[in-house]
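Shared between the two complexes below is chain A, which has chain B as its partner in the first and chain C in the second.
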Partner chain A sequence: MRHSLTLAIGPATFRIGSAWEQPIAQLRALYAAYPQDAAAIADYAVRLEPAGPLRRWWRPSVRIAGDHMLPDAAPMALRHGLLAAEMGMNLQMALGWRRHLLIHASSVEKGGRALVMTGESGSGKSTLAALLGERGWRFMGDEFALLDLADGRVHPFPRLVSLKNAAIGVMRAEVNDATRFGPMMRETPKGDIVHLIPPQDSIARMREPARPALLLFPRYGFARDVRPVGQGEAFMRLTQASTNYVALGEAGFDALHRFVTGVPALAVDYESGAAALDIIDALWGEVA
Partner chain B sequence: MKAGEARAYVRCADDESIWRELDGLNLVFHRPSGLTHMLTSPLPEICAALDNQPVTAATLLERLSARFDLGEEGDALAALEAHLAELAALGLIGSQPCAIA
Partner chain C sequence: MSAAALVQLMRTPESAAALRADQWNGILSAARAERLLGTLAALLEYVAVPDAVRAILADARRDAEREQRIALWEANRAVEALAPLGLEPILLKGAAYAAAGLNAARGRMIGDLDILVPRDRLEEAEGALLAAGWEWVKPDPYDDAYYRRWMHELPPLIHRERDRMIDVHHTILPLTARPRPDAAALIAQSVEIGGGLRVLSPADRIIHAVAHMLADGDLSGGLRNLWDIKCLFAEIEDKSELERRAARHGLTAHLARARRLADHVYGQGETRVTLADRVFLRRLLSRDAWGRDSRKWLGLAFYIRSHLLRMPPLMLIRHLWTKWRKGHRPV
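And then the complex of A and B:
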């Protein structure tokens, strides 16, 4: 491809190729603190291709291609090329990763122990992890928690934080450094999106796993409530939140069983970010 | 299974599945299919009552009745047969045609 970048995030290395310069230039700048060794062997290839023969110039549309693809993914506008690259990388992880049990969850660490938060889109898990990452916790990832199949530790995957809609204002108020924010992408298929570069410490320690200590199922927009989640329910919900549980077979079963029997799980409903942070502080005090 | 055909049921080899208990649920990883099942009572008790000798549902019911209060025999047998067919379909127990009526 004309333009390319090799990039390491946590244990995974991606080679991203593009027919256009812009998405690669944006990725190169936003991921400047991450290893970008052009000679590294990539786990995955992601390609941003024109959606049709003329689409490199005329109303340019990006089609995401790679080692693992969804056949009916709709092309995206070139102005959303950075998002297309991020989605391409996520897709490779979700469909192809086999070295860890991959859970669709955010995670942060303090004192060598990890807090893992999982929930559906809109639950606030990503924003909460980003907020905690600015308040004394190590941000480990906002999208995927990688569970070690052998020892049960959580490995970081601290890609750029993908801030959507209201979360953009929340994090702009929290992070007093404009250079950590990517360009505003309006009216994407997921609404308005801005990427946030994780704190320096998070990137520097992206190969450092942590032992999980608490699992939360946050839910934004509900009256404050904290309920225990049984191990059986936690197991079932995590199989649904994992993209590779079935593919890993017995190793995934063992890893998930170890996780739910070793880590207390709670459902947390909250009305605001401040309320969630209060609850997390209190809960962490009990388990840490 | 043909209607009215008698079946005998048998325990599968122990290494075919992995059982773990999680607060009242039984998690079962079935190695041949790679599927995970969550079983609640009475399915784990039914599996545990089987051994290497094939038995009919009626024999198994006697065995279970000695340990549990199963209510009316007619209802219990029908329910047990349904559970056995379900477990056999999942591959968690063995099932074979049986000459015994």
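And then the complex of A and C:
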């Protein structure tokens, strides 16, 4: 492909090729602190291709392709090319990763122990992890938590934080460094999106796992409430939050079983970021 | 071309030591695109490779093992569903290779379950499968009618709980294709392998793989089909029987071409290839270092060929017109 970049995030290495320079240049800059070894053997190839014969030039439009693909993925405008690249990498992980149990969750670490937060899109798990990452925790990832199949530890996958809509303002108020933010992408399929480069320490320690200590199911926009979640329910909800639970077979079952029987789980409803941080502080005090 | 590097490595696994990172990247992407990564992983199991490659191949090996386990379970379910009719389905392709423990199954990805039943029992078989939880996936009445009238199989069915597809064949080529394989002979010569499972005879397995690759379809996935054929060739004892069966099914020329292509791609390359063979080889080896089909026009030509093989020109025009109006576009 005309433009390309090799990039390592946590344990995975991606080779990203593009028909256009712009998405690669943006990735190169935003991922400047990550390993970019052009001579590495990549786990996955991601391709950003013109969606049709003329779509390189005329109303340029990106089709996300690669080693793993979705047959009917909708093409995206080139101005959202950075998002397309991110989606392409996520897709490789979601469909292809087998070396850990992959859970759709954010995670942060303190004192060698990890807090894992999972929930549907809009639950606030991503923003909460980003906020904690600015307040004394190590940010481990806002999208995927990788559960070790052998020892149960959580491995980081600290890709760029994908801030959507209201979360953009929240993090701009939190982070006093404009150079850590990517370009504003308006009217993407997921709304407005800005990427945030994780803190330096998070990137430097991206191969360092942590033992899980607490699992939360946050839910934004509800009156403050904290409820225990039984092991059976936590197990079932995590099977739904995992993209490779079925593919891993018995190893996946064992890893998830170990996780839910060893880690306390709570559902947390909250009305504001500040309230959520309060609750997390209190809960962490009990388990740590 | 990375596909060429891939088959070179499959021919001589010990050449892995000399590969550079960029060559590995191209080979791994080409292998994924051709659904040959699991096969490659099996071939390289005892060969020293870089750590990054070893991890990728270990994943592929695990995926292939899982697919085979699921495929054999599906076969078991189909046998169970058809047993009350006194019908023993004959497994075809991937599931057959896995059930019979053939070399072609090593690391092979297996998608749908393909079975063969006698045509006069097709309706009963369909009813039994529907009762056992399989459902229609082609809601379009034209497609459904087309399958039933002209194809060698029922419209595909998917199991409502297990989400796995089954193709129920009554012969091995569409009824509109020029060669007319003898389905009754295929069934009569099939062999039992235990567990209520049957597979085609060694010679007919090759005939089916050859028909599937060269007398049907546009050669996408051709490298994998050719690997199957190469492995099946190596395991057949009675070579003259193979010629006799090819003649009986009207596929002598196809078998000869498959033999030349297999020798050229995966063997010693000593056989002389024809000019037409060279076009097939170009099509087979068209994956580039990003796993893309780098010869789109050739792919389109083979797509058109696949339709010409499948039906006479007038019928084809009518078919394409109907599909076009329904919004279907090639490529």
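Convention: the second predicted complex is superposed on the first by the 288 of 288 C-alpha atoms of A that agree within 3 Å, B and C clash if a C-alpha of one lies under 4 Å from a C-alpha of the other, contacts with A are read in each partner's own complex, and residues count from 1 in each chain.
The rule is simple: a residue touches a chain if its C-beta (ideal position, glycine included) is under 8 Å from a C-beta of that chain, and two chains touch if they have at least 3 such contacts.
All values derive from a computational prediction rather than experimental measurement.
In the three-chain model built by superposing on chain A, chain B and chain C fit together without any clash. After overlaying the two complexes on the shared chain, residue contacts for A:40 are found with chain C alone; chain B is out of touch. Using CA centres, the angle subtended at chain A by chain B and chain C is 60 degrees, rounded to a multiple of 10. When the two structures are aligned on the shared chain, A:232 is found in touch with chain B, with no touch to chain C.
Judged by the touch definition given at the top, the superposed model places A:257 against chain B, while chain C stays out of reach.
Of the two partner chains placed around the shared chain by superposition, chain C is the only one that A:99 touches, whereas chain B remains out of contact. Of the two partner chains, neither chain B nor chain C is touched by A:188.
Between chain B and chain C, more residues of chain A are touched by C. Within the superposed three-chain model, A:26 lies out of touch with both chain B and chain C [touch as defined at top]. By the touch criterion defined above, A:13 reaches chain C but does not reach chain B. Note on the superposed arrangement: chain B and chain C approach each other to a least C-alpha distance of 7 Å. In the superposition on chain A, the residues of chain A contacting both chain B and chain C are 249. Looking at the complex, you find that chain B touches chain A at residues 18, 20, 22-25, 27, 29, 31, 34, 36, 38. Within the complex, the chain C residues that touch chain A are 21-22, 24-25, 28-29, 32-33, 50, 52-53, 55-56, 59, 62-63, 66, 290-292. Against chain C, in their complex, chain A makes its touches with residues 1, 13, 15, 17, 39-43, 45, 47, 49, 65-68, 96, 98-99, 247, 249.
Within the complex formed with chain B, the chain A residues making contact are 230-232, 235-236, 239, 246, 249-250, 253, 257, 260-261.
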